[in-house]
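For clarity, chains are labelled A, B, C, D, E, F and G in written order, and residue numbers in each chain start from 1.
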Amino acid sequence: MSVIAPKFRLGYFLKGIFDNAFWILTIVTLAGIPAIQIVLFYMDLPVIDGELLTAFLAFTWLFNPTMQIPLIKSLLYSDLFRIVVFPGFGFAALIAAGTIFVERKMLAKLQLRVGPFYCGKIEGLLQLAGDGLKLISKEIIIPAKADKPLFWAAPVLFVGTAAAFVALIPVAPGGWVVADLDVGLLAVFAVIGFFPIITILSAWSANSKFPFIGGIRALHQMVSFEIPLILSLLGVVILTGTLNLSEIVESQSNFPWIIFMPIGAIVFFTTMLAELERIPFDLPEAESEIVAGWLTEFSGMMYGLVQLGSYLKLYAFAALFVIIFLGGWTGPVFWPPLETELITKGTPIPNYAGDPVLTVFAPGLPLFDADPNEWVKQQQGELQYTSGQLLISGVIWFVLKTVAVIFFILLPRGVFPRIRLDMLLHIGWYKLIGLAFVNIFIALGLVYAGVLGPGGIM
Amino acid sequence: MTEVIPTKQMPPGLQVDKVDDRIMTLNVGPQHPGSGHMRIIVKIDGDYIVDADPDPGYVHRGEEKMAEARNYITNIPHLERPVIHDSCNILYPYVLGVEDLVGIEVPERAKYVRVIAAELNRCIYIQYWLAIYGIFLGHSTMFMWPAGDRELLIDLMEKITGARVTHAYFIPGGVRNDVPANFEDVCLRQVNYFEQRIKEYADIFYDNPILKARTEDTGVLSREDAIRLGTTGSVLRASGVDYDVRVKEPYDVYDELDVHTNVLKSGDSYARSKVPWLDMLESCNIIRQALEKMPKSGSIRTKLKPNPKGGLGEVYRRVESGRGAAGCYIISKEKPEPYRLKLSVGSFRNLIALPYLLKGEKLGNMPAVYWSLNYWPVEADR
Amino acid sequence: MTNGAPDMADALFLAISVLTIGSAIAALEMRSLVYGSIALMGTLGGVAGFYVMLDSPFVAMFQLAVYVGSIAVLILFTVMLVKRELIFKKIEDPKRKFAGIGLMLITILALGAIILDSGVKTITTDSDPVDFREIGGDFLTYYWPALILMAFILAGSVMGALVLARREDTIENEQ
Amino acid sequence: MGTATGIIKALNSGVKHLAVKRFTLRYPEQKLKFVGDGYQFDPSSGVAIAGLKGRHMLFHDHCTGCQLCSIACEGVAEAIGMVKVPDKWGQNAKSIMPQIDYGKCVFCGLCVDACPFYALYMSNDYELSSFTKEGLIYTPAQLQVKPQVQQDSELIIDKRGARHG
Amino acid sequence: MVGESVASYSNVLLMFGFACAAMAPALLISRMLSPENKKQPNPVKTLPMECGQVPSGAGRTHFMMQYYAYVLMFVIFDVMAIFLYAWGSSLLDLPRTATLPIIAFLGIMFAAMAFALYQSKRKDIW
Amino acid sequence: MSTTEKEVPPKDNKKDTAPEKVEDTAPAFEKSYVEQIANQFSDDVEVEYIQENRTRLNVKKEKIIDVAKFIKDNTPFDHAESVSGVDYPQDKEIGVTYHLGSYTDPEYSKQVLALATRAPREETPNPGNDSTKLPSLRDMFYSVEFHEREVFEMLGVYFEGHPDNRRLLLPEDWADLPPLRKDFMNKGR
Amino acid sequence: MSNELIEFVLVSIALLGIGIYGLAVKRNAIRMLFAVEIIVNAANLNLVAFARFMPHSGGQTLALFSIAIAAAEVAVGLALIIVAYRMYKNVDIADFRSLKG
């Protein structure tokens, strides 16, 4: 079946689409719905107004205006929403897409070019969509004698592992994180540990020389930079005494840790670049030496998936930097509180004659309040900010900081050449580990000198 | 006296005969982002290159054979094809040789115009080379900037010759057309701006510590080896040999201009990449001098018979092209066509240094060493 | 937690048990060493899952980071060092295989019988789990000689491994 | 410390260029200005006049059908063939005029140099693409047409860098 | 209750599973949409990338970089780094004398690292 | 530009030395070093002063190694710039010309010494296996290595003593005449 | 169900059995390493499980030590395998019999 092949015929194409649609429907009916049932059986269902929300009830309430907002709210606070949309995959993919666009335009500006321009009329906004369409319509070529299961699985696993990394990132106050772990930081290290394995397996499975060299390089690089990465964050852990990422953010409400630990931040930033395989550390994809490194044999959408995974990873690392060194979502709250009348009295909507005929209440507008009492408390001066305010302000601060960090991750691509493997290992094992230990001792000194820690500022 | 170049000292633990079963043979090229139209058969042991065998010829088109079938004038558009980016300089020795063979004098103004065109073209070539050197080292900005700034000079060349790349401008007896009116001002302005631009490359490229760490002490070609291997151009000058055909054997009006030869001592990839850049700055100087000294008016072309015949004999002329000395050896037998025409070009002469330099280097150094040799595959293949 | 949670935990326990034991068998029985290594990673990950179920997240993450993140990498790397033929070759003795299965069954049955017969069967707990920070306290207060010993073991092993892994053909060459 | 200053210098240089104007010529919208009307040749002085070597212009009232352009092209590209034209011109007894195959032409301009009768010049037209090979062959009638070339962009050098405008 | 904290950990797994499940269709759709000549597969097209040449030798040779030592070192020093976290996360609760064992630990590990880095300069470790 | 003494001097030569003037007005500098060589190998070397700064030595193929060694040891010529093979079908010979230059001596940097020799030519060439053979100068001038490979494939001159007499530019399956011989016809352009 | 110690112990026994089987049957050195790893993990699982059910941090601490020692063991073991492989071009344990002091 082909779309752009020379013998393209609309009839065949439509037939193919209908065939596929038929089979997809069949499979969904036979396998998908039972699977959903099984999942629903084990899932915690929300309780709204004392009623257990079942699927049937949810469908009923969808058409009941008074119950819609509680329904939507309950969905917003469900795990699925977190995984799929907000702090999880959708949010990360959106930032990743933005990153790709910014990277192209910024690099173009730095190099006195225009960059993507025509696609999407406005400065090439839709270039990424165009590239995605192109990639998805390209043939996937699998090299002869390749280890097919591994070769197919590698890009998907790569995206999955990157997503698992994203799952650990808290985005806003109030537990807006997919998985709030006590040992979040260690979980990050555990997840990072999977990337070299996927890389080397995909490189090995391609049965080609250039990917193999690239994979081995990637392995050495990731593995060598994992230790400085782990050590550079130890200083913060010493000062905060916790491994939970949300608590680390909250510990920085007064000042970000980068003030006390610039060395650790520099080490972490450098190792981050190396783990992300970005210039100047993009040895695994050094195109002038080994074609495209471990990505050489990936074609079409497989390549696209690896790229998606790597940009998700980029977002996750930038967010981790923000969380640990730049204070995450902390920042002055600038989002104005919502009108109290909207909550308590409702807003009257007049008709053409000016008579108020309809009063609109927004009692549980999901993003703006978790608890309607907060408004009352705020009005009475008991509470400074509502949680809705904090959420929006926090997300904006977080995104701003993340974008700033991403800018600094992207900038070296235009400024530095690629370095060599032995230089890279030398930097990792001699300089960065040394600096990381310097950072640890600084943190230790700060604690024992009483500057920070229990007896100090905090 | 048998003098064999000693092979470079390999790092310990890399003796080829011992590690036979670990050797991996890589075909670098012809369809490789880091090869050009050439194949280097590289044998690697781990990260180290134990053997490298260049295999040029993918763009061989027999210019020398074809030149024997064409007359002296119709050879002109063809002989610039091997290096279209440096077309004036590759044509220069041929034109000088034909002038010697036919016996024709060149007007003074034409000589200056030739020098200006040749120096502009040298800068154009070096910018292109530098762009590729940048991207070979993974420095994408250094790919875009030279490629963009090159447009300034291409614009000038287009004003002079009417073509952006393949100029076919030099002709026995002078040049084909005069420069346009008001050219001196435009040229001076653009060349000055160009010089200012390329000085900015220092910050981002030549003084970049990562680049220095990457290219310094890699692929070191000592002075003696550079001479014995017969390298030329920037490769030779980077190894500390003060040799520039423009100075040593001035042609046209180079003896009236103040040409400074850039010589660096270290002979590593960094020096080899820096010498062309210094050459560009020097070229800007030469262009300014030439614009000053150029007669403001006068003939620019001595008329030639329609189908000139060369005398009986041979001639070997050299010029300094962007890649080193370019020689043209013409044997003439009183025919309108040359009996034998041989181009002795810098790329081909520098190629011999490649396997010598790559042995024992790390794989990551391969592009840095290869492209620092100022090698242009099409010119080497001819 | 509503009443759904224990069911979920049971299903999870079953799934992880099946994954762990199945991939442990696969690690030993798969034809390709590379796939065997992947299956071993499955076993190690499954054991990490058990640690999470046992409320010891620190050990679980340590297991993941060290076993899967580094030991599995080293194993994979070493497997790839071996020639391609050997990766796919299974060296086995059929007689010993039956003996091994017998041994395995005897071990499992005997130990299982002993355990089931003992009082272990009845042990349950509702107490709070140990905070992982206590582990760090243990390391440095009560178990600190073990920590020093650990350092010596790690140092010795890395030195030994590096000395062992050195290739000797240069020495032959120098002679 | 040299390393650190070098890195900072490079980063600074990169960031500085985020404010420099773009140099790129947006080709289909903007087109470059050229020097003259195209490459022309004056046989009496033996010197050409500077200009872009674009598509040829054939002046039918000057062409004598002498085939010198074709002969000049023989050794270069063999792009010029002589074809019959329907019109009768006094100076052109055989009624043959050059027809140029731009699939072969290398735009060297030697045919213009060869024409002693001011009949063949080159024009500023450089957009010659065609979907068929035959479309690249320009008959004498097509060569007669003076091209309309849009020329609006020039290289501007000012304090914020060079650009096309 | 044993195993109460599983829920938040399982979210990571769910995220992983969701990403895999959401991305696998991209490959399937790509497989459906993309042109492919199934009747006459081109054997040259599926050759491994070898710069346009017919590949010589196996792709998966037991080829090794000279930096095997670093991978060996990683296994050991990864353990060390995460051991330090057990100390670091509980530092604020511990008496100051508890730093002494960790200093000794680090001292021994530094000595090992110095030796290992000295060894890893050799090109003959693989 | 010039000729051997036997040939008739070209009439339309304006600039360069006519052959009868060669002996008289041999440039002093060139003469000084060429005479060294000429004295050493009096019978086997034939000197021509072609042009300003260009000298040509015609050497018999048996003596080429000795002459090259002598040049390498006693004159500052230290590298070969180019090696050109020329086919002379009417003489049944193939000429090979080494252009030698000097980097080290500033006085000699202008000079190019052409060291020419000739090898027998066969009508039906069989490169490498017929009588078209010359000794290789690679041991004296290392830089001729690739040039000699090129001459070997282009004209079928086998260089004895060359370590690596393989094809360089032409494709692996090239099985025609050596292409730079005069009887290899250009089939179209 | 899952808050009973016995299940974890049973899984641990199963893993131990599989490990013993692997050690007894396999002759490939790398496979034997796998078997050893499985046995070590079975032991660790027991440690952590018992520690959880009689709340004490010592079990987890010991498990950490055990994992660390396993890492050291794997590093040395693989180095040994590499040495043996380099000598015999094989990973069959039978070939290593001639290894002596």
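Side notes on the structure shown:
Everything below uses one rule, namely that a contact is a pair of C-beta atoms (placed from the backbone, for glycine too) under 8 Å apart; a residue touches a chain by one contact, two chains touch by 3 or more.
On a predicted model such as this, the values are computed, not experimentally measured, just so you know.
In terms of the stated touch criterion, the partners common to chain B and chain D are A, listed by label. Judged by contacting C-beta pairs, the busier of the interfaces A-C and B-E is A-C. In terms of their C-alpha centroids, the spacing between chain F and chain G amounts to 75 Å. As a whole-number value, the distance joining the C-alpha centres of chain E and chain F reads 61 Å. In terms of their C-alpha centroids, the spacing between chain B and chain G amounts to 63 Å. Looking at chain E, residues 1-3, 5, 9, 50-51, 57-58, 60-65, 67, 71-79, 82-83, 86, 88-91, 93, 99, 120, 122, 124, 126 sit in touch with two or more other chains.
Residue positions of chain A touching 2 or more other chains: 110-113, 181-182, 186-187, 189, 204, 209-210, 213, 219, 223, 226, 241, 243, 291, 414-416, 421-422. Residue positions of chain G with contacts to 2 or more other chains are 2-3, 52-53, 64, 67-68, 71-72, 74-75, 78-79, 82. Residues 1-3, 72, 75-76, 78-79, 83, 86, 126 of chain E are the ones touching chain G in the complex. Those residues of chain C whose C-beta lies close enough to touch chain G in the complex are 6, 9-10, 12-13, 17, 20-21, 24-25, 27-28, 33, 36-37, 40, 43-44, 47, 50-51, 53-56, 58-59, 62-63, 66-67, 70-71, 74-75, 78-79, 81-83, 86, 89-93, 96-97, 99-101, 103-105, 107-108, 111-112, 115-116, 120-121, 123-130, 132, 134-135, 137-139, 143, 146, 150, 153-154, 156-158, 160-162, 164-165, 167.
The residues of chain G lying in touch with chain C in their complex are 1-11, 13-22, 24-28, 30-31, 33-35, 37-38, 41, 44-45, 48-49, 51-58, 60-61, 63-65, 67-76, 78-83, 85-86, 89-92, 94. Taken in their complex, chain F has these residues touching chain B: 1-3, 7, 9-10, 12-16, 50-51, 53-54, 56, 69, 72-73, 78-82, 84, 86-87, 97, 99, 103-104, 106, 109-110, 112, 114, 139-147, 150, 167-171, 179-180, 184, 186, 189.
By the touch rule above, chain B contacts chain E in their complex via residues 11-14, 21-22, 24-25, 27-32, 35, 39, 46-48.
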